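Shared between the two complexes below is chain A, which pairs with chain B and chain C, respectively.
So, the complex of A and B:
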């Protein structure tokens, strides 16, 4: 077992540009679910819209990148309005149904054969990252973090991504300590009470949906910048539920929650994954793997990693139900 | 101070010389059930008015209709010269008519002081852009906090200031809800069963608080089942049964009113509900 490789790779995964994408997607969901109590099951849809609003204009229509980034902003706001206008006046469950459906519609649209000329279909779109590569100040061969090699482009995305995370997290923190954030929390607790005190809760829910959706779209954008390819299968509902796992791990309605939650989540998954990979490996010189084949072998360890990682996360939630940064007192009260 | 309530006619729909709220022909049906069908009611300004009636009389529905939590099938209600019917609940509250709920709605996972601060109207920091820049709202926040602390002291909740509201007892939640409603600085306070589930010792202090509201110039309309309390503090009583206002008057008028006795004792099958 090469523990230095396993650990350095797991640590890198927890802070990589890919992790930045997860942090942003989860931060947006935290605004919706954590602070406002909006049951958004379609955060992956916002991420997909962010990804494709960047990749389609650049790959297909050669737009300059600032315009494409503006497109990310505009389209995420439009999606939030489309989702919110019919559902935010209704009970919370309706938003849940509509968001999960719309997210799937978006993914299936991106995947459809008929619109391959636009979205690239199952193969996705490539070649939209040149603008990031062009302004990359790091040398192409990058650096070595401990035992992990990081190429220049990924290092550049990592650095700019963490600057973005710092900005977004600070922004969310500043908003949530303000009277504006107080109204959001009151909607989460009891929207009739907020209404009886003269707050226009529809307007606040809509603003929350827009802000969180926009942050989620930034996350989707970072995800595909890192992969250098935008593909529909990255935006399945699993992505949304990973984001839920992350905010529960980190502590719901805490600005730092998604950051630490993502790092733990990705670390555990990656660590289990490559440990199992190493433990089940056979070579011609050493035909017996470390773990007996009746438990797990090299063909099925990638499924087993989710079982083991899920177990680890379940234990963490049992030991610390409020999440890493949560307030234990809040657990004492009924959560809808 | 306006005229003594004893000078009003003790009949349903009686005219008041200075009514803060005037309701005309308000009707609300749920399918075939007519929950509220109020012909004409006036609520006197700066008085404590009780709204009583047997279970299912439509009192809470009537409350919901007045405060914008439900909209009437037809009819009008006018508050301080402003038409309310069909107006959204938050706008009604901003006009100065603030309600509480039968089942208290404390914001459990927020501290008591945050519950209070939320109530304040016209907060600059409630705008998303100004909220981002703390210096724009800090001064106002300090004022609001000072006012909230004053109210907490008055309602004997000052020691709970930083506790989460979910940790309060049932009675303390009633107090918090009333104090929070006052943060809006309403002209009219609508209390839906303020005494439900409150122990006798706290009841007395709640009574004093409600009288205090009148003494500082506010109008109170409350729904209540506790007749001792109704008799003790109300200046005027409106009685509903089966969605209709069947009687109005001072507590002396109501005690001897045959329609009210019938409504409560179930003898109305052979008497005219409209009679006085």
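So, the complex of A and C:
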């Protein structure tokens, strides 16, 4: 077992551009669920829209990248309106079911063979990251963090990504301190009371859905910039539920919650995965793996991280619903 | 505070214990899965046929085209072949993932040309969604200038409706339990799909790996496993959480976490492939004129129709059924009239689990056993109970038919985008919520 490799890789994963994507997606969900109490189960759909609004215009139609980024904004707002108008007046569980359905519709569409000409189907789209590579100031070799090599492009995404995270988190923090944010929290606590004060609940919920959805779309964009490929399987409903795990881990309705939650979540998941990968690896010279094959082997070790993540979500909600660093007065769980 | 922490620790221990049980239980079965992967389930077959359609005075003449080159390209492999004198070619491919089956237009004999209306590339999917029919996938290419669409579509409609009814009945079997659970406890149980899967997986093990029982003999064990799993959830997890006063949203998210964990436990032990039972694969269809149906599918339809009627009669007539509806209507009032609510809820879980188990065994027979089969069905079950009216078991039945028929009719309306067939049901869900938010049979109370 090469512990320095395992640990350095796990630490790197917790701060990588991939982590930035998770932070943004979870931050958006935090606006929906944490601050407003909206049960959005379709955050992966917003992420997918963000990813494909960037990749389709650039890969398929050679748009200049600022226009594509504008497209990310426009399409995430449109999706929020489409989701919100029919469901925000209904009970919380309706929003949950409709959002999960719409996120699946989006994923199925992106995965469809018939629309491969547009979305690339199962293989997804590539070649939309050139604009990011062109303005990369770092040398291609990149740097070595402890035992982990990071290439120049990833380092560039990491640095710009964390600047984006700082902007978004500060923005959300400031918004939620404002009178506007206090109305959102009051909706979460008692919708009828907020309504009786003459607040337009529907409008506030819609604004929350739009802002959180836009931040989630930015996350999806960063995810595919990091992977240099946008593929539908990255945007399954499990992605949404991981975002829930992250905000509960880091503390619900806390601006820094998604950051802390993502770092813990990705570190643990990656650590479990790489350790098991090392422990089950066989080489021609050493055919016996460290762990006996009847427990876990090369083919199924990668499932363990999902089992850990699922159990973590269930147990956290039972034991510490406000999250590890959350404030008990701010838990969003009694939305019904 | 102290007692609260204790209660939490107890519940956590219960969650851990249940997951451990699932892991231990499956690891007992697991060694069998790896070793005896039967060859029959590995190989998939795509039968492609190429037909020329000629417009004549009597209508359309269909002539098989020999010597046409057909290629199947997929994620798991590639195959190609040339059609024989019957216009058919069988392509053997690994039964996994998606294939693009393409007719090489250049290989067509002289005088035969591709039609503008018929596609020369058709996609075939082995692994996802609910596939109806036998193991081999058939793909039909039509060439020539005849108007194919008009004629063939109407011929296909009866078959589509029959498929839709079968699919609806399976969804109904699974969704009634989900609806009853929602009605009596208010819980939106995201782990219901995993109850569907366990029945199919247990039956698969008894049928293919362990004692090699006939499917019909193995089925009761699978159904019992599903009912036990549901009952264990209620006794060990949901009842203590209810007693603690955990909110419904928290419980919903707990069920999501559990569902993810259990689903990946299945994947861990069962593997990612779609596998079939020993019996009822590739049986010839019984011809009913406008449509054909395999004995297996006919059996599935009869069993689920009997099951659905049975559960309806039980809810309407039996004392216990009436008590269930009473708890579903108003738990406090029911409890005040002397009904033991907790016992009723346990019954609901057991009955709902058993019904989901029956649905799972039948889904396994119809389209193969797969680790995430229940999860794929879950969204359609949610759509069904929402469309029908949350908490109303008869609404779930009605909703299942809307969802099942929409799904199959989508393949009829849009034969070119079959892989998007769940879209029909999901769009129906969104539209119906817009027009009638409480669903067909839902109570018209304030829902906002």
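Here is the rule we use: the second predicted complex is superposed on the first by the 312 of 336 C-alpha atoms of A that agree within 3 Å, B and C clash if a C-alpha of one lies under 4 Å from a C-alpha of the other, contacts with A are read in each partner's own complex, and residues count from 1 in each chain.
As a convention for this text, a contact is a pair of C-beta atoms (placed from the backbone, for glycine too) under 8 Å apart; a residue touches a chain by one contact, two chains touch by 3 or more.
Predicted model only: the values in this text are computed from it and were never measured.
Of the two partner chains, neither chain B nor chain C is touched by A:282.
In the superposition on chain A, contact is made by A:105 with chain C only, not with chain B. More residues of chain A are touched by C (comparison of chain B with chain C).
Shared-chain residue A:94: touches chain C; no touch with chain B. Applying the stated contact rule after C-alpha superposition, one finds that A:304 touches chain C and leaves chain B untouched.
Legend: residue contacts after superposition of the two complexes on their common chain; A:329 is shown touching chain B, with no touch to chain C. Judged by the document's definition of touching, chain A residues 333-335 lie at the interface with chain B and also at the interface with chain C. Only residues 39, 86-87, 89-94, 96-98, 100-102, 104-105, 108-109, 111-114, 122, 238, 241, 244-245, 248, 294, 296, 299-300, 303-304, 306-307, 309-319, 321, 333-336 of chain A touch chain C when the two sit together in their complex. Chain C makes touch with chain A in their complex at residues 8, 11-12, 15-16, 19, 30-31, 75, 98, 100, 123, 188, 241, 246-250, 252-265, 267-269, 271, 379, 382-383, 386, 390, 416-417, 419-420, 422-423, 426-427, 429-430, 433-434, 437, 447-448. Within the complex, the chain A residues that touch chain B are 171, 174-175, 177-183, 185-186, 188-190, 192-201, 207, 211, 329-330, 332-335.
Those residues of chain B that touch chain A in the complex are listed here as 67, 69, 88-91, 93-94, 98-101, 105-110, 114, 117-119, 121, 123-128, 131-132, 134, 137, 141, 164, 166-167, 180-181, 183-184.
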